[in-house]
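You will see two complexes here that share subunit A, one where it goes with subunit B and one where it goes with subunit C.
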Partner chain A sequence: MNTVVADITYRAMLGRKRIWLLVLLPLALVVIAALFRLIGGQDEHTAVTLMRSFAIGTMLPLLGLIAGTGVVAPEIEDGTIIHLLAKPISRPVIALTKFVVAASLVVVLAGVSTFAAAYLLAGGDSGVATGFTLGAVVGGIAYAAVFLLLGVLTRHAVTVGVIYALVWEGVVGGYVPGARKFSIQQWAQSVADHVSSSPFFSTDVALGFALPAMVIVTVGALLWAGQRLRSLSLTGDD
Partner chain B sequence: MTTEPTAVIHDIGYRHYDGVRLGRGRATLALGVQSLRGVFGLGRTVRAKIMPLLLAAIMLMPTVVSIGVMALAKQLVMPYPNYAVFMQAVIAVFLAAQSPYLVAPDLRFRVLPLYLSRPLTVTDYVLAKLAALAVALFGLLAVPLTIQYVGELLVDLPGPPHTADYLGALGGAVLHAVVLSSVGIALASFTPRRGLGVASVIAFYMFTAAVSGIFAGVLMSSGRDDLAGWALLLNPFFLVDYVQSALFGTAPVNTESAPPGIASCLILLAVVALAVTGVLLRYRKAAS
Partner chain C sequence: MTTTSFPVTTRQGVLELAQVSRWYGNVVAVNDVTMTIGPGVTGLLGPNGAGKSTLLHMMAGFLSPSSGTATLDGRPIWHNHDIYRRVGLVPEKEAVYGFLTGWQFVLSAARLHGLPAPAEAATRALDLVEMSGARDRRIETYSKGMRQRVKVAAALVHDPQVLLLDEPFNGMDPRQRLHLMDLVRRMGEEGRTILFSSHILEEVERVAQHIEVLVAGRHAASGDYREIRRRMTDRPHLFRVRSSDDRRLAAALIGDPSSNAVSLTEQGLEIQAVDFGRFTALLPRVARDLGVHLWQVSPTDEDLESVFSYLINRSSR
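And now, the complex of A and B:
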């Protein structure tokens, strides 16, 4: 961790248009939950549906994508990362710092909005709110690490990330049960399912697989990103 | 005694252009064609070709499968009008990946004044970019549909060929192209950064798709089926699907309680008008 690098990254993330996308999605989640409450649709089933398909299925990958690639990809695109890499700070430390910034943003935004929305709809019933909040938090951390790695690996990080989140997790995961084992979304749902006792909610991936997988993916992505930064080449593109 | 030096412009032999000046229309056409080539990575690096060609290949896969099934099982498995809705995730990724390419670099490197120093106007520029993306999206949809139709004719299924369905689907492809390109360019042109542009377009699609699905599901489970169709209109692909069924008489994917056709058409027109107005206003500001 390097506090100066963290400070600069926070400022870059919060001071631009990027923050609007980051704030609008969690806000929309809470607004939708409030709307359901207004039209009298608040029950546990609705809460679980909203959490699964919107909070974990849509908002979390998008937040992870925007924050994870946002902390490093624009700097590589502009070439200004060279000033950062030229400082006597170890590259893995830079990667770790960028990850902490991205993960903290995702955790705060996704965690708070998920808890608020789930609480609006289900109250404290059968641990739906706490379960999904915990799922969103751990899933957000894993997403941030993976998308940070993508940002270091390729110039088309956002597109590749979108294909992973939408095509692999969304479409392929919808039809092929085996693909769900390799999906951060499903791991986050396993964590949520473990905490909550809601009868409307069941997951395909066992917690014994999901937790180790999540830890391995996060740590592995961070180590790889740190290694990759050590030999980053700033060649042009397009 | 010195004489005052007088300024002289030397003719150093630059060639003049004496040919025909082709004017505004040809400039717009040239920009449109060049943008269209760029969408598919033609005339760009190999790395820029990978993504669009990969997505175009994925779009062809259901067609290949469906022709195979038609040849073996003698029945049509994928109706033409449902193709775009079925492949909506891939089309959305294509739109998100390619629409920022059309607008972001020009904004980022501030080359817009160079275009506008030519006969091209701001409106021409915006129209050329919109048309390029629309033609690209139409091709992305029309080519697989046409291949499947040719395949159906060659396989010679029992019964008459589904020509009306095929033509309706082509009409729907035009609608998809117009709606998606205007929305994509409108969202992408708000940021000079390509990555953020990709993220905002895909966020728009995932957000509308998720919200329309959730609202439709909740409304249906609480017995208000009449409102569920309206909720589905939030998803641009379902909106076009309803308009397609209203205009060309094809069967919509979501049969339950479609909103009246005229309302879908008006909403579609409003979305396109709003998006195009947004882009024009954005470029008026960027150009001045």
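And now, the complex of A and C:
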């Protein structure tokens, strides 16, 4: 962890228009929950549906994508990353620092908004708010690592990330039960399911699989990103 | 290829490329280049697309050679982030963190290097490039030349032994350019190893005595550019001579095989010498024997442009 790298990365993420992209979805989640509550539609079933489809199913992967790729991909694209790489700092440390920044943003934004929205709709009943918040936090950490890796691996990180989140997790995971085992979204829901006792909610993936899978994916993606950054080639304008 | 050995007396800050090639798919960007860059200022010269940036990126550790080795003081450069303790790099790309001020940018460089007194180092570096007055403005408000100078300040903040600059004078106004040229020259005289790439001959000529010429990915020449020019014996040298009696001097010189054309112009004599050594020895002797005073003897084409054109033409034959 390098504090200077973290400082520059936080400034880049929060000091520009990207902050609105980051804040938009969590804000929308809370506003939707508040509207439901205003019209008297707050109940546990609504809370679980909104958390599964919007908080974990839509907001979390998109936040992970924006933050995970955003901490590194634009710098590689425009060459500013040379300022960090041409220093006597191990590149895996740079990758780790970038990950900490991305993960912290996702954890705070997704965690706070998920808890607020779920609490507005279901209060403290059945551990829905706590369960989904915990699911969003651990899922957000895994998403941040995977999308950071994509940002280092390819210049089309956002496209690949959207395809993974929407096509694999959204469409394929919806119809092919086996695919759900390899979905961060499902792993996050598994954590939520384990904490919550809500009768409106159950998942296919066992916590015994989801938790180790998330740890392996997060650590693996980080190690790979560090190695990849170590061998990052930058070309000039010959 | 014309080569001269570089007088390396120390192993401090010596960059070495040994049979380095770099290719992208079927395209060869750098082809079997061997060169040694030691203390002093060296100009890496070549037209756009010659492979200068590719070569510089390999020396800076941002590109691995497809074959051959690139080392700094005998240690591999690729996959070795420790070299940046001794290397400063000014990339050609203009991109810098626009949301930082010049001060924050250079200070961050000092802190990333882990310097004991980062603020002092940043102040010194900004002073060196005359950017102290604009240090609190965001970089996105800087002109291209100011961005270039702040990049140079960030590269110098840790007082590196080796400085690599990719087209460093791009975008600078004439005054800034002269100031940076002077700074580069001074640092070279202090014993630092400075390599800068350029496709502008006048820049290289003003700053570097020693040049490495790259043409179409190949190492076309190496050494003092005047020396390189002299060694090109297969190309005539053009001299302009003004004397007390141009006509008599012309008649005497045309009889010697060291020159193959002599013409009388309003500005004096224009002599095309085919044997540089013989001609430069003959001219003063003939003038003395004839009792002709020489007012001016100047090689008209011994500038970098002519050396460069010659090397390009020779390489493409």
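Here, the second predicted complex is superposed on the first by the 234 of 238 C-alpha atoms of A that agree within 3 Å, B and C clash if a C-alpha of one lies under 4 Å from a C-alpha of the other, contacts with A are read in each partner's own complex, and residues count from 1 in each chain.
Following the convention adopted for this analysis, a residue touches a chain if its C-beta (ideal position, glycine included) is under 8 Å from a C-beta of that chain, and two chains touch if they have at least 3 such contacts.
Keep in mind it's a predicted model, so treat the numbers as computed, not measured.
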Fit or clash for subunit B plus subunit C once both are placed on subunit A? fit
Superposed angle subunit B/subunit A/subunit C, CA centres, nearest 10 degrees, is 80
After superposition on the shared chain, which partner residues are touched by A:Ile82: those of subunit B (first), subunit C (second), both, or neither? second
Scan A:Thr69 for contacts with subunit B and subunit C and give back first, second, both or neither. first
Touching A:Ser231, do we find subunit B (first), subunit C (second), both, or neither? second
Would you check which partner chain A:Ala12 touches, where first means subunit B only, second means subunit C only, and both and neither mean what they say? second
What is the contact status of A:Ile32 with respect to subunit B (first) and subunit C (second): first, second, both, or neither? first
Please indicate which partner A:Val4 is in contact with in the superposed arrangement: first for subunit B, second for subunit C, both, or neither. second
Please work out how little space separates the C-alpha atoms of subunit B and subunit C at their nearest point after superposition, in whole Å. 12
Could you give the residue numbers on subunit A that contact subunit B in one complex and subunit C in the other? 237-238
Using the touch definition up top, name the residues of subunit A that touch subunit B in the complex. 17-18, 21, 25, 28, 32, 36, 41, 45-46, 49-50, 53-54, 57-58, 61-62, 65-66, 69-70, 73-74, 77, 155-159, 162-163, 166-167, 170-171, 237-238
Would you pull the subunit C residues touching subunit A in the complex into a rising list? 29, 48-54, 56-57, 60-64, 79, 81-85, 87, 89, 91-93, 95-97, 99-100, 105, 108-109, 111-114, 154, 166
Which of the residues in subunit A end up touching subunit C in this complex? 2, 4-5, 7-8, 11-12, 15-16, 78-80, 82-91, 230-238
In the complex, the residues of subunit B that touch subunit A are 44-45, 47-48, 51, 89-90, 92-93, 96-97, 101, 105, 190-191, 193-196, 198-200, 202-203, 206-207, 209-211, 213-214, 217-218, 221-222
